[in-house]
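So, here's a batch of structures to check.
Shared chain: subunit A. Partners: subunit B in the first complex, subunit C in the second.
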Partner chain A sequence: MPKVAIVGYGQTKFSTENSKIESVLLQCTKNLFDSTSKLNQKNIDAVLISTNNNSKYLSAILSEMTGIQPKISHSIESLCNSGTNAIVAAYSYIVSGLAEVVLISGAERYDSPGQILEWDNLRGEFKHPIFWASIFSKSYKRKYALTDEDLALVSVKNHKQSTHNPFAISQKAITIEDVLRSKKLTEDLRLLECSRPCTGGASILLASENICKTFTDHPIWITGIGQKTTSASFTKTSTFYDMESTKQAAHSAFQMSKQKPSDVDVMEIHDAFSVCEPMALDSMKFASPGKGIDLVKEAYSSENFKINPRGGLIGSGHPLGATGIAQTIEITKQLQSCAEKRQVDNASLGLVHNMSAGATSSTVLVLEN
Partner chain B sequence: MPKVAIVGYGQTKFSTENSKIESVLLQCTKNLFDSTSKLNQKNIDAVLISTNNNSKYLSAILSEMTGIQPKISHSIESLCNSGTNAIVAAYSYIVSGLAEVVLISGAERYDSPGQILEWDNLRGEFKHPIFWASIFSKSYKRKYALTDEDLALVSVKNHKQSTHNPFAISQKAITIEDVLRSKKLTEDLRLLECSRPCTGGASILLASENICKTFTDHPIWITGIGQKTTSASFTKTSTFYDMESTKQAAHSAFQMSKQKPSDVDVMEIHDAFSVCEPMALDSMKFASPGKGIDLVKEAYSSENFKINPRGGLIGSGHPLGATGIAQTIEITKQLQSCAEKRQVDNASLGLVHNMSAGATSSTVLVLEN
Partner chain C sequence: MSFESELKKGNFLISECARCKKIVWPPSEWCDQCLDKNSWRKCTGKGKIIEFSKKENTYFCVAEIENSVKILGELISDGPKIGKSVIIIDCGIHDNNYFFKMKMLD
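Take a look at the complex of A and B:
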């Protein structure tokens, strides 16, 4: 089976701009073309769109706007992990031989309809993500005797790191006191512990082994893929202090890539809320249960950028359909040693963790140099 | 590379019912499980949803409702050919080794937001599909000296055939006079020449060669796939009397399957409007340009069900996200010799043609016994 590489990317700054979804898609795609010099529209066999936006036929619209006439062309939606779902679909089109080169563009507006899962009536009126995040926070803190200060550190670290990411919505470092004094949304969740829905786009180009050297001297290989959906309602999950779908997705991704957590040099974690970062680290076995927070503390004190170098969702902003793609671009840059002030030394193996709706579904990707 | 088979299916009746999209998805999926006796939820590696509905996370919702915990799970949208796009994605997941068994459920409500392409301002106020269909009708009739009666026959044939399809919205045969006397929507298009948006669902199960015999004694193989998107606006197409995307998609599908038009025993054609059926027949080289209508006349007079046996979109109704799947189910039944009163004799090779937005994109599938 052919190997699949990441060979190009482009992003927009994440912001609160009131842009049309088509304009955001066009901009990140244009940025990809501008930074991938030998790329011609005729090379592209498939155009996939990752979004929660309600506009239809966006893949054909983006194709027309950019002069591409693809074979395969459609949108993909799975709430917050739409982006990595689109990357896995692209991988699959290439391995199956239906495509050699696939463009994926993900975009969202600040007012995305994907922010609230209308369906889940088990949640009663508590459909907004802050309610599951709040229950997770209470449960995780109680189970592992963590303090509000412990979780606040996730946000402090990621806000600090995002000051080195020119595409991030937050360009300002904050303190633990800032987090604890920010608006209390629920008993266990404050405003500065939440990622922020925003407007933004991210495009990535995947190619088969045969053709990848046309576009880059430094392809980054997708060597591990793991995905799992356990339910749609977080109220169906067995515990509120770990992430079953993330656990299974990571296990599959490590198995496929024949790697293990200790091999990972740099990682993007889906920190939709502060508690998600240590929980995901536990669930992927980077730490024993409850000890993920120690890795956060270590990364913060040693300033090593290993966890969420671009600032995570909390620092970068969370334009749903673009997030998984932006995460994957960051790991690609790290493995290409071109992550500027955020660069992790000698990074050769990276991981992306992207999830939806209270970790009811997760994607984990392993990328290698 | 592993071969991919269709091994199960389920449908709902197409209707004007005001059902929730989740209920329609559940019903067609339940019907698939009921008719695929050895199928267990644990067999299913991926759940794909085909729809234009604005609800999010439907694949996880359907999975939870039906007790499936898939690895891969997302929605796919490409207006009217969302269904075959989802089938091609499923094919690809299986060939690439990421999945062995994939469930695809497509559904739509009568008030689907996919009926009008809001984006295409080149059309001015003429965004409703009847306007491109009207221009196609005028152009095709003028180019090939066809009459209104000629095109009306497409609708008469398909309404007649749908009386043998228990899932079709129309259960009543009509005459050429009925068509010509029906409400004039534009100078060149009457109400009974149009397919009707409706509520309906269709589910299909794909499996790899290794496992397919678990679920059926009579797997139907997907041997040819062709897809093409030329633009998003039909006003960008070079002529209004043929379908460039359909031409290219058919060429690719025949090439992949090493078959040719004369090998095809039975076919589903995307007759969103009467003119589409002969135009698509021309474009796929079943007939020389302008002669597609002769095949329609021949099929009608010999009552052979070869073209759109279930009644096409005009007779069956057109629930956008379900249509491509329902078409593929019909060809599967024909090749399994279980299409009841609609059965074509000795059908061993079939074709599905599914398109979007004035034939700006097309999918063609070749299925074999």
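Take a look at the complex of A and C:
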């Protein structure tokens, strides 16, 4: 199969700014052009947009505003894993030969309509994501005899790590006491255990092996892709203490890349809520069931930055359509050894985990340098 | 008849495919296996608690009704436990949202 590389990227700072979605898309795309030498508009065959925003025809709008006339252009929406799903689509266009270079720009506003899946009526009045997160949290704590303090550490670690990420919304370290004293949203979830909806954009450039060296001396290869959707309804989930779609997506991604969890040096995990991080680590077999929290504790005490180096969704903020792209950019920087204070030593293989709607759908990417 | 038109009247229905002998959930007009038309049947509303949590003074729980379909709704009883029997005592549509209220049976 032809190889596909990541050859450029650009981001905006995640914030609560009241910017138009078109402006956010334009800004992150401009940042990509600024940092990708020799990239010319004429090189770009396809423009893909990742967002849940209601504005229409955004790929054509962004193309016009940046002087691109692509062969292929459209939007991709899949709630919170729109970003990596757009990367999977771009990969497929390149492998099929329909495109050699694809620009993907993802953006969201703080008031995104993607935060609540209105269709899923079987949750009654309890449609806000804090309710599925509370059910996950209660179930995971009971199953593995964990405490609120255990899960609070996820947030403490990720806030600490985000202080080294200039694009993160949170630039403040917090303590376990801060988390436990923060507003109690439910019996099983506090405010500081949640990622924040915000305004932000992230752009990434993918290219075929033939042309990738035109844009960078350090292409990062996408060697594994796994994607699985088990349902759209949260209540169809079989158990609330693991993530079946994540399990299957990770299995496919590792199989495709011929790698295994122990080969991974650095990873971005979709910590929409604190419980999601250890649960995803279990589900992807980085730890045996219930032991993901031990990896979180180890990462925190050793300051190794291996799990969510940019601060995860909890520390960085969660502009839905940009999140999967920002996660992939972080792993790319890590594998290019240019992640500055967040750099994991000798990182050569990384993983991105991005999911949506109470883990009913997951995407996992394996990247190598 | 549809799930929503009956829910508005406070009736909780389950969709079933006669051909596949299968309960189809979320409620749907069509079978997700053979894509034939489903039929609707009234159910007892009895089920059990799968998981629960609490917001302020309100318990909410995932309940499995008739050992087959799951919903997330309000639990008006105190001291919920996993596996305890519940029954739907009220359901309907309010402000475009479904609602399900349950209580524990014992």
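In this text, the second predicted complex is superposed on the first by the 369 of 369 C-alpha atoms of A that agree within 3 Å, B and C clash if a C-alpha of one lies under 4 Å from a C-alpha of the other, contacts with A are read in each partner's own complex, and residues count from 1 in each chain.
Just so it is clear, a contact is a pair of C-beta atoms (placed from the backbone, for glycine too) under 8 Å apart; a residue touches a chain by one contact, two chains touch by 3 or more.
Model, not experiment: these values are computed from the prediction.
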{"item": "Which of subunit B and subunit C A:E64 touches, first, second, both or neither", "value": "first"}
{"item": "Per-residue contact with subunit A, leading partner among subunit C and subunit B", "value": "B"}
{"item": "Touching partner for A:K285 - first (subunit B), second (subunit C), both, neither", "value": "neither"}
{"item": "Touched partner set for A:G114, first subunit B, second subunit C, both or neither", "value": "first"}
{"item": "Partner chain(s) touched by A:E187 [first = subunit B, second = subunit C, both, neither]", "value": "second"}
{"item": "Which superposed partner A:N52 touches (first subunit B, second subunit C, both, neither)", "value": "first"}
{"item": "Partner chain(s) touched by A:I135 [first = subunit B, second = subunit C, both, neither]", "value": "second"}
{"item": "First (subunit B), second (subunit C), both or neither touched by A:F240", "value": "second"}
{"item": "Subunit B versus subunit C as contact partner of A:M1, first or second or both or neither", "value": "first"}
{"item": "Common interface residues of subunit A - those touching subunit B in one complex and subunit C in the other", "value": "233, 236"}
{"item": "Complex interface listing, subunit A residues touching subunit C", "value": "121-127, 131, 134-135, 137-139, 142, 185-189, 233-236, 240"}
{"item": "Residue ranges of subunit C touching subunit A (in the complex, touch as defined)", "value": "25-26, 50-55, 60, 62, 70-74, 82, 94, 97-100"}
{"item": "Residues of subunit B touching subunit A in the complex", "value": "1, 22, 47, 52, 54-57, 59-61, 63-64, 69-79, 82, 85, 88-89, 91-93, 95-98, 113-114, 117-119, 225-233, 236, 252, 356-357, 360-361"}
